[in-house]
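The first chain written gets the first letter, and so on, giving A, B, C, D and E; residue counts start at 1 in each chain.
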Amino acid sequence: MRELGRLQVVWIGLVLAGLLVAFAVLAPRSFPTSFNLLNLVSDAAILLLLATGMTFVIITAGIDLSVGGVLVFSAVVAAKVIEGTGSLVLGAVGALVTGLAWGVVNGVLVALGRIPALIVTLGTLGMSLGGALLLTGGVDLRAPAELNLGLGLDRWLGVPQIVWICAAITAVLALALARTRFGRHTYAIGSNAEAARRGGVAVRRHLIKVYGLAGLLAGLAGHLSLAKYGITGVSAHSTDNLQAIAAVVIGGTSLFGGAGTVAGTVIGVFIPVVLQNGFQILGVRPFWQQVVVGAVLVAAVYVDQWRRRARDR
Amino acid sequence: GQGGEAGGDGQIRITLVQGLAGEEFYETMACGARAKAKELGVTLDVQGPQKFDPTLQTPIVNSVVASKPSAMLIAPTDVKAMIAPLTQAKQQDIKIILVDTVVEDQSIGLSRISTDNLKGGAAAAKALSEQVGGKGKVLVISTDPGVSTVDARIKGFEEEVKANHRGIAYLGVQYSHNDVTEASKIVNAALAKDSDLAGVFATNLNSATGAGSALQQAGKLGQVKMVGFDAGPAQVKQLKDGVVQALIAQLPGDIGAKGVEQAVAAVRGQQVTPSIPTDATIVTAQNVDQPEVQKVLYKAGC
Amino acid sequence: MAVPLIDARGIVKSYGQVEALRGADFSLRAGEVVALIGDNGAGKSTLAKILSGVERPDSGTIELDGAAVAFGAVEEARRAGIETVYQDLALCADLSPAANFFLGRERLKPGLLGLLGVLDNTTMRKETRQACERLGVRLASQSAPVSTLSGGQRQGVAVARAVTWARRVVFMDEPTAALGVVQTRRVLDLIRTVRDSGVSVVLISHNMQDVMAVSDRVEVLRLGRRVARFETARASMEELVGAMTGALEQQLESEPRQERDA
Amino acid sequence: MRELGRLQVVWIGLVLAGLLVAFAVLAPRSFPTSFNLLNLVSDAAILLLLATGMTFVIITAGIDLSVGGVLVFSAVVAAKVIEGTGSLVLGAVGALVTGLAWGVVNGVLVALGRIPALIVTLGTLGMSLGGALLLTGGVDLRAPAELNLGLGLDRWLGVPQIVWICAAITAVLALALARTRFGRHTYAIGSNAEAARRGGVAVRRHLIKVYGLAGLLAGLAGHLSLAKYGITGVSAHSTDNLQAIAAVVIGGTSLFGGAGTVAGTVIGVFIPVVLQNGFQILGVRPFWQQVVVGAVLVAAVYVDQWRRRARDR
Amino acid sequence: MAVPLIDARGIVKSYGQVEALRGADFSLRAGEVVALIGDNGAGKSTLAKILSGVERPDSGTIELDGAAVAFGAVEEARRAGIETVYQDLALCADLSPAANFFLGRERLKPGLLGLLGVLDNTTMRKETRQACERLGVRLASQSAPVSTLSGGQRQGVAVARAVTWARRVVFMDEPTAALGVVQTRRVLDLIRTVRDSGVSVVLISHNMQDVMAVSDRVEVLRLGRRVARFETARASMEELVGAMTGALEQQLESEPRQERDA
C-alpha cells in the first residue's frame, strides 16, 4: 500500500501543480506573488495540523469529528490561562494538555468502550463546544497583544513562525507514519484490527495514542489560531472536521483505513485552499465559487482515481 | 473575470468583502453598491465568507489584497482579529472603507459607515414590549453564540428590557444554529414549558422562520408576538402574513451605495467623510406601506 | 514429561445459540506433534483460538506447565512462546509480507533512530524473504501488499511467521490448505524440524496422509467434544475417519476419560 | 446481520424509551403532552426522510454529504416552478425530479467514476448550495400561501399531513430494505462489493439507484420543508448531512456498510430530538444542553454497544 | 467434440510489475473434468478469474463454442452458464448462507408481492439447506451471517452454490481446501455427477490424489504459461509433480504446442 500511496501522491500532486500553473497563467500579476502564496500557506497552516492528526485517525479506520470543538476549547483554555497567569508559555501548555485530554477521552471511548468513533467524536464535539461556550459565556475571548503580535505575526526568513511550526510538525509526523513502529501499527490496525491484535499489537493502547495525538494537534491548533487571529472563534470551527476529513480523503487516504500518507494530506489541504484563493483573485462571485470549487474538487480526485482504476477499494 | 488583471490603467476597481455571503442584509448591501458603482462607472467585485467569522474572512481579504483593487469595502467580522489583515491591505495602498461593522484600530478605514446593532437590539426590545403590552414572558432565538453583530443585538435587547421594561420576564437566549428546524423545535419546547409565552425576538431570518412555523402549527400565530431583524422581502412577507408583528430595519443598500461613493472619492483623492452613522427603523404592519418606510426595506435581486 | 505443557479441560464456548465447544479437553506435551482432527464445524479452530489467547472460553480450565492460566490477551500467550497459524490467516492485507511477518515485533534501526522507533525495513525484508524461501514460497515483490499475493503465497507467509517466532508451541490451523505439493512437503519437513528443536506442534488438518506422516499423537474433536485419542503409530486411517464421523463413537467415547484420569 | 440488526434495534429502542420515561417523570406536565410529542414528531419528520435515504447509502458503505444542499436546491426549484406555473403539483414534481437528478449525478460519479463517495457528495453539496444561491441571488424565496397553509398545515386525524407522508415513506422503505431484492442487494454491496459483483449483482446500476433514492428523498424533503416553513432556507441546512449520518449510526448501522436497519435509524433520529426537547423543557441552559446532549448520546450508544461486545466492528 | 467449449490462447495478465499470466493457453471440451494444476503463484486463480469474466486479460483470445468472446462482465459469463468457486470464496460475510446462495438470483414471492421484489426467504433457506446437506455440510443456524461459519462450512456454501447454478462449466478453485474428509469425498462424487449431467468442470487443486481420482485431463501451469497437458489415465503422479515444479520442463515444453496446433 505504501508503494501505491507514493504513486498516488505523485498524481494528486500533479493535479495541484496544474491548478497552480493555471491560476498563475490566468492572473500572472496577482496569483504567483510571494505575498499571495505566503498568505495562502499561512491561512492553510492551522488546518494542516488538524488534517495531519485526522490522517492517523482515518488510517486506523476511525474518524474524529471533534477537532473543531477541541480547537476552540483549547483556545479558550489558553486565553483563560494567559489571562490568569500572564504567562504565554503556560497558556500554550494549557492548550496542549487540554487538547490531549480530549483526544484521550475520544480514544478511551472508542478503544475500550467500543463505541463507533463517529458517535464518540460527535458527542465530544458537542461537549467541547458547549464547554467552551460555558467557559466564555458565549462571547469570544481575545488573545493578549503579546501573543497576537508576537507568535501571531513574527516571521523567520520572511515566513510566519506559525507556518514553520506547522510545517515542522507535519514533516515529523509524515516520517513517523511512514518509517516508525508507531506508523506501522497505525496501518496494521486500520487494515485488519483483529489481525493486528492477534499479531500482538496493543490495539487499544495504540488507538488511544492516535486519538490523543489528534487531540494534541487540535490543542496546538487552538493555541496557534488564538495567536494568529487574536480571538477564540467559538462559532468559527463547526466545519473544521469536514474540511480536515476532505483534505485527508482528497490526499488518497481511504475512509476504510489501512492506506494513506501525510504527504497526500498536505496536497489535499492545499487543493481547496488554492482553488478558493485563485477564484477569489479572478473575481469569481462567491456563489459561483462554491459551484466551481465543488466541481473542480470532484474532477481533481477523478483525474487521480482514473490512473488506478484497477484497484477496488 | 478579466477585471482581476485590469488594474492600474485608470480604471477604478473596488471589492466589497461582505461579513457573510448569501445573507439578505449583505446581498442588499451588494445591490446598493453595484448600482452606485455602475452609476459612477467603476468596477465592483463582491466576495464574502460562508460564515460570519474572522478566521474565514482573513483568507478572503488576503486574496483580495493580492488582486490589488483600488479600494476595498469591508464589513470586518471582528473588531480585533481583522486588524492584522487590514493593516496588510493598507500597506499595499488599498483604500479601505468600513461598512456595517468596524475594527478597534482607528487608523484603519478612511471612512466608517456603521450600523449600530446594539441600538437595533434595543429597538427590538421596545417594539416587542409594545406588542405584548409591556408584560409577559419573552424569549430570544439567535443563530450561534460568538457572532458579534448578533451578540450585540441580543445585548442591546437585554439591556433595554432590564432597564425600561420591568413587566417583562426575560427567558433568555436559545441558539438555533441558523437552522429553521432547530428554531422550530426550540419554540415548540418553549411552548410546552411555558404555554403563556408572550413574545419572541428572532435575531435573524431563519430563526424567525422556524419560530413562525412552530407558532403556526400550535395555532398561536399572532397570539405570541414576534419581532424579527432585518427587512428583506422574506421578512416583509412574514410581517404581512402576521408571522412577525415588527421588524427592525437597517439600511444595507444605503450603506453599500455610500461606501462606494466614499471609496471612489478616496481613490480620486477627493474629500471623504470619516464617519457616517445609520439608524434602525421599526417596521410594523401599520407603517409598512408608508413611502418613507418602503424606502428602508431591503431590495433583493438587483 | 509428567506435567503436560498444555492441559485444557472442559472448555465451553458458545456464540449466541451456537455451541462451538461443549466441554472439550486437550493436552499437549513438550516436543510432540499432536494432530487435532475433526469434521467441519467440530470446533477445532475455536479451540485453537482459545488456546492462543484470541478468544476467551465461557468455562473450563487451561493449565500451562501445570499452572492455571487465564489467557486474557494474545500478548500473554505470545509471551509464553505460543504462536499460531490461523485458518483465516490473520494478515493485514494492506501491509507488505515483511510488515506482516514482523508485526508486533518490528526490527528497529540501531542507535538513536531505533530509540525513536524508526524501522529497519531492509533487514526485515531480507529475513522475510529468507524465511519464505525456506518453505519454497517465492514472492514476486517484497513491497507489494499481501492483498496481491496468491492464496498459497499468503499461507506461506503466515506459516513462516509462526514457525520463526514460536518458542514453545505452534498451532497450525490447516497450514497447507492452499499450499502446492512442494510447499506442503516442506511444511511437513519443517514441522519435524521444529519438533526436533523442542517446540511442540499442534496440527489441524483434514489431510489424513499428512496427519499420519508427521504426528506423534492424534486427538479427535466431534461436535465440540474430544471423542478419541490415538498414538499415531498404532492407529489406522479408517479408525481416524471413523472417530471423526462418529461411526466409531460408541467404543471410543469413554477411552479418553480413562486416559486423562490416569 | 439482519438477526443481529433486529436485536440491536430492540436495545437502542429501550434507550429511547428510557429517555422518554425519564423526561415524563421529570416534567410530567410539559413533556408527555400530546401537544409536545406531536410537535416533536413533526419537527423530526423531514430529517427522517433524509436519514432513511442515508441509511441505504451507508449500508452500501457509501456516504452522502450533499443531502442538505439537494434539499435546498429542490426547494428553490419547487418555489420557482410554482411561481412560474402557479401549479403546486408541478412544483412538487419539480422538486422530486431535481432531487433525483442530483442523486443520480452522485451515483454515477461514485459508481462509474470510482471517486470516493465523500468527495463526490462534498462536491455536489457545494454545487447544489451554490446553485441554489445563484438561482435565488442569495435571498430566500417564499412559498405561496396555498402551499404553506395547505400541505404545510393540514392535519389528518389530528396529525400533520407531512408527518403522515414521511412516516408512510419511511415504513415502505423499511420494508423494501428488509424484505425485497433491492434491499438484499444493498446489503450485499456494502458487505463485499466484489463478491456481489461476482455473484452477478449489477453493482454500479444498484449504486446509482441507491444514491438516486437518497436524492429523491432529499428532493421531497425540500418540497415538504418549503411547505412547512414557507421558505427555501438557503442558509439553513448546512448541518443536515451530519444530523442524518449521526441518526443512522446511532441506529446501529455501521459506517463500513453491510449492516443496519431503517427502524434503527428512526430511533436514531428521535434520540437527539428527544434529548434536546427534554433538556429545554427542564430548563437546562443552552450551553449545558450541548454538553449534556453530547454526553448522553455517547452513553446511549454505549449501553447499546455493551450488549454485543463480542462482535468486532 | 470438434470445437472445444472454451479455448483460450495466449492470455497475458499483469498486475503492475507482476506478470501473473504470460501467454497461457487453456482448452476445455464439453462434459469433461479438467484439472488445472501448478505451483503456488503459477497463475491458476488468475486464469480462472479471467475465464469467469471477473478480470479482463491484457491480451489473448477466448473462444466459447468456437466464437470469440470478450468477457467484459461477470454477467456475460454467467449468462453463458459458467459458475465459479473462487479461492477466496467471494461470499458476503454479513449475509446469511441462503442470501449468499441466491445472490443475484433471488427467489421472489409469487404474485403481486413478487412483482414488488419481495423475497421468498423460506424457500431460499430450505433449498440452501438441502444443497449444503448434499455435501455433508451442516449449518447450525440458517440465519446467522456467513462470518460466523467455520472455514469448511463457508466453502461448502460456495461449492453448493456454484454447482447448483452452473449449466455449462464450473470452475472450482481449490474447492476442498477447507473441507473435511467426508465432505471432500462428497465434492469429488459431486464433480462426477455434474460431469455426467453434461456440465464441464475445471478443478484447481494441490491434492494430486483428488486430481488423479476425478479428472479426465490435466493441464499444468507454470510461471504463467501452460507447460504440459496429460490424459489422466496415462499420467503418473510423478509426471504431474515434475511438470509443476519444472523438473520435466525441457521435454514437455514443446509438446503442448504440437497438441494444440494439431
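One rule holds in what follows: contacts are C-beta pairs under 8 Å (C-beta built on N, C-alpha and C of every residue); 3 or more make two chains touch, one makes a residue touch a chain.
No experiment lies behind these values; they were computed from the predicted model shown.
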Leftover connectivity once chain D is excluded is one piece
Co-neighbours of chain B and chain E resolve to D
The chains touching both chain C and chain D are A, E
By Cα centroid distance, the chain farthest from chain D is C
Of A-B and D-E, the pair joined by more C-beta contact pairs is A-B
Per the C-alpha centroid definition, the whole-Å distance linking chain A and chain C comes out as 43
Distance in whole angstrom between the CA centres of chain C and chain E is 29
Two or more other chains are touched by the chain D residues 133, 138, 194, 238-239, 286-287
Touching two or more other chains in chain E are residues 15, 144
Where chain B touches two or more other chains at once, the residues are 21-22, 145, 177
Here the pairs of chains that touch are A-B, A-C, A-D, B-D, C-E, D-E
Contacts from chain D onto chain A in the complex sit at residues 61, 63, 65, 109, 113-116, 118-120, 122-127, 129-131, 133-134, 138, 193-194, 238-239, 242, 245-246, 249-250, 254-256, 286-295, 297-298, 301-302, 305, 309, 312-313
Within their complex, chain C touches chain A through residues 52, 54, 74-75, 78, 84, 86, 89-96, 99-100, 103-106, 108, 116-119, 143-145
Residue set of chain B touching chain D in the complex reads 21-24, 27, 145, 172-175, 177-181, 184-186, 188-193, 205-206, 209-210, 212-214, 216-218, 232-234, 237, 241, 300-302
Chain B contacts chain A in the complex at 1, 3-5, 15, 18, 21-22, 45-48, 50-56, 58-60, 62-68, 78, 80-81, 83-84, 92, 144-148, 151, 177
Contacts from chain E onto chain C in the complex sit at residues 15-18, 38-41, 45, 87-88, 137-138, 140-141, 144, 148-153, 156, 174, 177-184, 206-209, 241, 244-245
